[in-house]
Amino acid sequence: MPSQEVLNWLRTRFFPHIWCPGCGHGIIMHALLRALVDLGKKKEETVIASGIGCSSRMPGYIDACTLHTTHGRSLAFATGVKLANPELTVIDVMGDGDCTAIGGNHFIHACRRNIDITAIVMNNNIYGMTGGQASPTTPVGAYATTAPYGVLDVPFDICKLAAGAGASYVARATVAHPLLIEKYVRNAVSKKGFAVVEVVTHCHTQFGRKNKRPRPIDNINFFKDNSVMNNKASNMTLEELQGKIVIGEFVNIELPEYIEQYKNLIEEVGGNRG
Amino acid sequence: MAKFVVDVNEKWCKGCGLCVAICPKKVLEFNERVKSEPVRIDDCIGCHQCENICPDFAITVKEAKPNA
Amino acid sequence: MSDQRYEIRIAGSGGQGVILAAVIVGEALALYEEGLNVVQTQAYGPEARGGASKAEVIVSRGKIDYPKATNPNLQVILTQKACDEYVHDASPNSVVIVDDFFVTEPPKINANIYSLPIVRTAREEIGREIVTNMVALGTIASILESWDLAKPESIRKAILDRVPKGTEELNSKAFELGYKLIKEKL
Amino acid sequence: MPKVEFWQGNTAVVMGAIAAGCRFFGGYPITPSSEIAEIMAAELPKVGGKFIQMEDEIASIASVIGASIAGLKAMTATSGPGFSLKQENIGFAYMTEVPVVVINVMRGGPSTGLPTKVSQQDVMQARWGTHGDHETIALAPASVQECYELTIEAFNLSERFRQPVILLSDEVVGHMREKIVIPEKGSYHIVDRKRPKEDPEKFVPYKPDPEDDIPPMASFGDGYRWHVTGLTHNQWGFPTNDPDIAEEKILRLMRKVRRFKGEIVKYDTYEVEDAEILVVAYGSVSRTALSAVREARSRGMRVGFFRPITLWPFPDDELRGLLGGVKSVLVPELNCGQMILEVERVVGGKARVFGKGLVNGELFRPSEIFDFIKEVA
Amino acid sequence: MPSQEVLNWLRTRFFPHIWCPGCGHGIIMHALLRALVDLGKKKEETVIASGIGCSSRMPGYIDACTLHTTHGRSLAFATGVKLANPELTVIDVMGDGDCTAIGGNHFIHACRRNIDITAIVMNNNIYGMTGGQASPTTPVGAYATTAPYGVLDVPFDICKLAAGAGASYVARATVAHPLLIEKYVRNAVSKKGFAVVEVVTHCHTQFGRKNKRPRPIDNINFFKDNSVMNNKASNMTLEELQGKIVIGEFVNIELPEYIEQYKNLIEEVGGNRG
Amino acid sequence: MPKVEFWQGNTAVVMGAIAAGCRFFGGYPITPSSEIAEIMAAELPKVGGKFIQMEDEIASIASVIGASIAGLKAMTATSGPGFSLKQENIGFAYMTEVPVVVINVMRGGPSTGLPTKVSQQDVMQARWGTHGDHETIALAPASVQECYELTIEAFNLSERFRQPVILLSDEVVGHMREKIVIPEKGSYHIVDRKRPKEDPEKFVPYKPDPEDDIPPMASFGDGYRWHVTGLTHNQWGFPTNDPDIAEEKILRLMRKVRRFKGEIVKYDTYEVEDAEILVVAYGSVSRTALSAVREARSRGMRVGFFRPITLWPFPDDELRGLLGGVKSVLVPELNCGQMILEVERVVGGKARVFGKGLVNGELFRPSEIFDFIKEVA
Amino acid sequence: MAKFVVDVNEKWCKGCGLCVAICPKKVLEFNERVKSEPVRIDDCIGCHQCENICPDFAITVKEAKPNA
Amino acid sequence: MSDQRYEIRIAGSGGQGVILAAVIVGEALALYEEGLNVVQTQAYGPEARGGASKAEVIVSRGKIDYPKATNPNLQVILTQKACDEYVHDASPNSVVIVDDFFVTEPPKINANIYSLPIVRTAREEIGREIVTNMVALGTIASILESWDLAKPESIRKAILDRVPKGTEELNSKAFELGYKLIKEKL
């Protein structure tokens, strides 16, 4: 792992970063940068976009073209960026709240539209930044500041949602599996089309403290103990899968990429000679 | 002699304890400033788990240069 | 009695519970003392998780207009960063208590500065750094008592209202240690 | 005996709302308003009310309007970015005449800005944020006590005038803890929307009571069948393009508030009788301003203080009435000059108007406003 | 078919309605009203909500408690209505644009949250009301006023999206099958939970004219010729399914209903005695 | 020879945009602006530009801001409800100083209102619709020719001042077809954003050029790496809570426009020299007003006409300069009184100001304004 | 004698032709006002397809009362 | 020549193509005649699909301020509903052409009213009701020619610019029939 090359992608002058000690977001950033280094990406041709949230602070620390937008809307911004300059590698890093609460519509449409963007969803099952309110992925019964009696509504399965919306690549890892994150991100970025990597992570500060996993390591252990690879999961009963985190690649299909189609259209109507 | 060097950047380490807990060889411990420190470096197997789990980019694992 | 305005500030880093401490002071003065007006405010950035944060309590028998401290009469400062950032508007001859472990360069200002082992008392005598703010509360209780503004008992009550069940003893002990820390020096 | 509490402004808003009869809250967290949602989540079920965290701010205000149509007093709370997102549906509530209360705890803008810092940058947005015409009712509390009382007042006005009412709180007032005396139940006035009396078959949902231009309101589920639409509609609530009906609908929306402006507007004054300098301030700034005015008076300066509590409708006649000997009007605001535009219009050249904006995320310190007074004196 | 009872549910004074001659939306309204009559619903206890669009004009014609909201947001309004008064039967009728373009987020969250509301999506593959712009369900290659060279992006499969988001009942019919619509709507309304019925319909005026199905009957015939029941479809290859409309019930599962859970909570914290 | 066309206002907007260099459009259909999206869909690929229909209005403006950051001149178009929805992200563009053009073809409000009818009800919203402070630049065309020219102007201003510029069209102007003379390429001025000159490693993305307070702008993909955030930020574009830096950022946002107000504002006058009555009107209403003023003049009445073309910043000094002999100022508007508030403020008691609103979805007829003039005369 | 009555509400019928096309027995045709009209009512089998397909609620199919 | 303002209105129901007809008149006058200013507007509700709609063309050699008709000089009215709603502001002695099939009660106003078989010509002579608006255009061309405002040729050209390929003949034929319909009566 060429660590100095990874450090080269950081805006080190802002370190240490604002994340809490042990916050999973840093583990994901690390894995993402390893993947980018590995793929030989150039910083000035790489765009990292995000919405608002602890997770969404990530772009500020990456020494690339970085875009910290409004809450939930980053995929729509990223769509504009990528269409305007298809040469750019565009990666959108979002929290579970950002991506699936306020940003849910942009997420499913990005899945459907299939523009060559990679979405990384840092799912810590909570709104970390604003103080631990329930998110659309907080499990039933878990406590949150807006769920003082426990959450009532069923959470999203982000990967199922992405698949249902038509994404061409969908995978899930956890922060207990940094190399898997790295691998899926690498695959996702390489994929010509819209690709989603959900990374299950923790916010021990806002979620863990209320839900019996107060230390960072409690969460890592929880993820280790409860993750099941999807090939194994497919042989398990629903009961056995109760409470498990299924990880792995769920979708990897070839679909026409939007911008390629648009380029053809420009060609057809003669817009390339103008 | 140790085969690996485990560098901890104390300025960035926040003492979260993840590396300490995750190291399969118990190489790392907190020092009095509650920063991670390799205390059993000879046991290190260079698995990079500490490096990869560190959310603060505070650990680098390298092979020890034999004649350094 | 006069309408004098007392300004109290507690400052430290995000995780040290300075806001809770200020809230408890406020509740003690507002609910367990007679005839006091009390306003409590705080300031924190999105970097609350690491950066400096401060909380203030204004007390007066008169009406309190401006709700924040302009020249605090009492400050308890728990980190160097907070000290550098906030301490300088101390009222002349006011009381400034700094933690002797984290505040390595006490301020050079015109004030009665006490460097006390607040964090260390929590860490070493109680064995739980998390009660630092209770030790700090103890020191505040001493000062407020010496000013004849509030009884330590009021703060004790307010603490019990606030701390989680099962931790009462721990917190009370920390409070009492803090109370003594400065009492001896007054 | 009335109870005394030491509450945050945001807590007082919740408790005031529940005292006013609020039984529904739909929200989405955002600093510095999130405590309102959090405390609602804890308190509403205790009184049989419903709390729901929606997927975003647009859905939040929509759910609140829906709940109000189904008969519950309902509210939402947010801050700048969320307030922007809610505008379209706030407009729907104006058009359909559905009572709802919207809290905006103002923070530093524009955009994501300074999420944990105070501002008064959304004053004009509260008036003009949604497309299309309507009259705005917006109140600005300056203390925790007022957070409680003005939230009750907001519900009362909303129920009475069948339209959204905005509580423009700010980060300082919202997060400040202060002693508050909880008025005993029954000691304050509670307004409930007028209900129709006629037979469901004869019900004309937008037929205004000539008394006050406001149609009585039925709820879904209480036996009446009616149609609600954001399209311009006639008295039966059905869409129309008829110019005369369209015009009358919009004019009535304006009129129902304008007619009662005198009853709606609230304001506060201090030492205005002989004032040559008048400081106009609202919300948290008014506390600094009052402190500076007291200081000026203590030095013998003829300075008075005017605090609009109702920001919209702006207490124009009330301010105009105080201008007698006033030579200068000072308007300190935590923005680049918003309410000053209204003050200038009202003063209409009769005195000089000076503004002082502060947009650094802090509250004015008393000395800053005192210096401002001295500059002008 | 108790026709007079159906007519009783109409606000006949606004008839004939504004829809174009032969517009499928009327067929759906007819089927919906038959289902409601059949279920013995009361008009003053039934809420019909909608957003904005030709389809969304439906509530205006139904003599119940009707709520014509803003574009895309009706499910959020309906959520408030239902929570405030759980005794009401709440049905939300939306167009494909309304529900899956601007309203996509409210749609997936309603599916996830599982409040006892029925959503009827009138999918005519176009924005009818505003003049024939492409919607998220316009097929690739079809023409629309905003797709003068043919649509490039892959459409949503509304039923898959609903299933991916967690809905407890999901079914699809077409206007060529009025009795199937009626049946699925009946099942959906009876379902305790969030239920989705997609009805494939036509806008011959805006879609048909540009896409070789200019007359209403062209569309009905097209639907008849190209619909496949899902039990049959499951035995067909992807190739065989190309261009087919799979109809039937796709999801019908039991999940905890949100308001029931909330009532329990009120019970627990004593809010019922207040 | 310049070409003559017979175009709709909405067509002219598209063609003006493309002439100005617009190469990206992200939109969502809404009456009466949809033709802009439709024509863009047809025209943009012909010049190698990108059209995309987004899932909603929020995504539309977001995509447009993204495209602008990646270097394309970009625009969106909408009407009332969509304009409300775009506000949050318009605020983001103000804060991040990203040039974008937003067209609002005004229709009757509030809410869904009268979708196919004309209004001028969003004039104040254009100024105050988003939370937080900023200066607005908004232009109001009154003819198809102006739709073309002012769209070019909107792009120029947007590129020059690095901020959103709003074109406030209306249903009449947008749907009206009129003869238009297409200026030849090169005969009109095109402004492109200033680009940084320094080395990418030395680039300070928000360091203002002292000349004009406006920082040169790099594009993603042209070799520079920089950070864009809606949080209050320092010169490097990174978030800060530092009060002084925060204040300077916001003040500069205001200043960069206010400094050049004289260059920005455009207006039109007719027979103002000896006018005792001045009619102030803009957009489609100005056409009726001018017709009424001509009628009045033809009857020997001393009536003049003032048309703000730039609605924001309002041409205040310019109007004030004309007030010499004016006794009455008349402000007919298709709303319940919006621009009149600004006029009142500017007139400051020096003349009487009379407003006349029309909110029935129709355009004023000349006789209505002529009668208004007669009433006052 | 016809077993069924097919009522067409001419005020509501917009002449879309769906019923005409869909009737399996070709019972319906347009009249000169371009409204649907049962012209072969004896062939009607009472299948209600015309009623259910009519977007305008303009058709009602009833059993003919034998002694009416 | 004078700056006289001519106002032309075409009104009917949503599907009759009245807007297209007005656009063609506008294009003819603006692009194929010299020195005319032309403005074309329309009004339609969300009920365009059924309700009345109207389109107007204002022509003048001078500047056109107000873009809509106040007292039209020429109206072509294709439905009774449109007639009831719009016709009454006709300029005195103006020309009003109503369709003799759909407009069953011609207006009682001070105007030169012609009841002509516009729809029937389309339906019966061409066999395609869809070309109703072309027949109407023919009548308009006749009138404009008689006013010396425009050559029929201009409108012919404008029609060819607008109608879909392959339908030129159909549309032209309808136009010529319309042109003759009124020519004979003038």
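Chains: A, B, C, D, E, F, G and H, in written order; residue numbering restarts at 1 for each.
Please note the rule applied: a residue touches a chain if its C-beta (ideal position, glycine included) is under 8 Å from a C-beta of that chain, and two chains touch if they have at least 3 such contacts.
Predicted, not measured: the structure shown is a model, and the values here were computed from it.
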Touch-network distance, chain C to chain G, counted in steps: 3
Chain grouping by contact, computed as though chain A were missing: B | C, D, E, F, G, H
Pair sharing more residue contacts (C-beta pairs) when A-B is set against A-D: A-B
Cα-centroid distance, chain B relative to chain C, in whole angstrom: 38
Rounded Å distance between chain D and chain H, as computed from the means of their C-alpha atoms: 53
Computed distance of Cα centres, chain G from chain B, in Å: 85
Sequence positions of chain E contacting 2 or more other chains: 16, 19-20, 52, 70, 102, 104-105, 109, 136, 149, 262, 265, 268-269
Interface hub residues of chain D, defined as touching at least two other chains: 45, 55-56, 58, 81, 88, 92, 111-112, 115-116, 229-231, 239, 241
Where chain C touches two or more other chains, by residue: 45-47
Chain H - residues contacting chain F, complex: 23, 26-27, 30-31, 36-46, 48, 64-68, 70
Contact set on chain G toward chain E in their complex: 11-12, 14-18, 21-22, 48-49, 51-57, 60-62
Parts of chain D lying in touch with chain E, wherever the complex brings them together: 23-24, 26, 44-50, 52, 54-56, 58-60, 62-72, 74, 88-89, 92, 200, 219-221, 223-231, 238-239
Interfacial residue positions of chain D with respect to chain A in the complex: 27-31, 34, 37-38, 41-42, 45, 51, 53, 55-57, 81, 111-112
Touch list for chain E against partner chain A, complex: 102-105, 108-109, 112-114, 136, 140, 149, 152-157, 160-166, 255-256, 258, 261-262, 265, 268-269
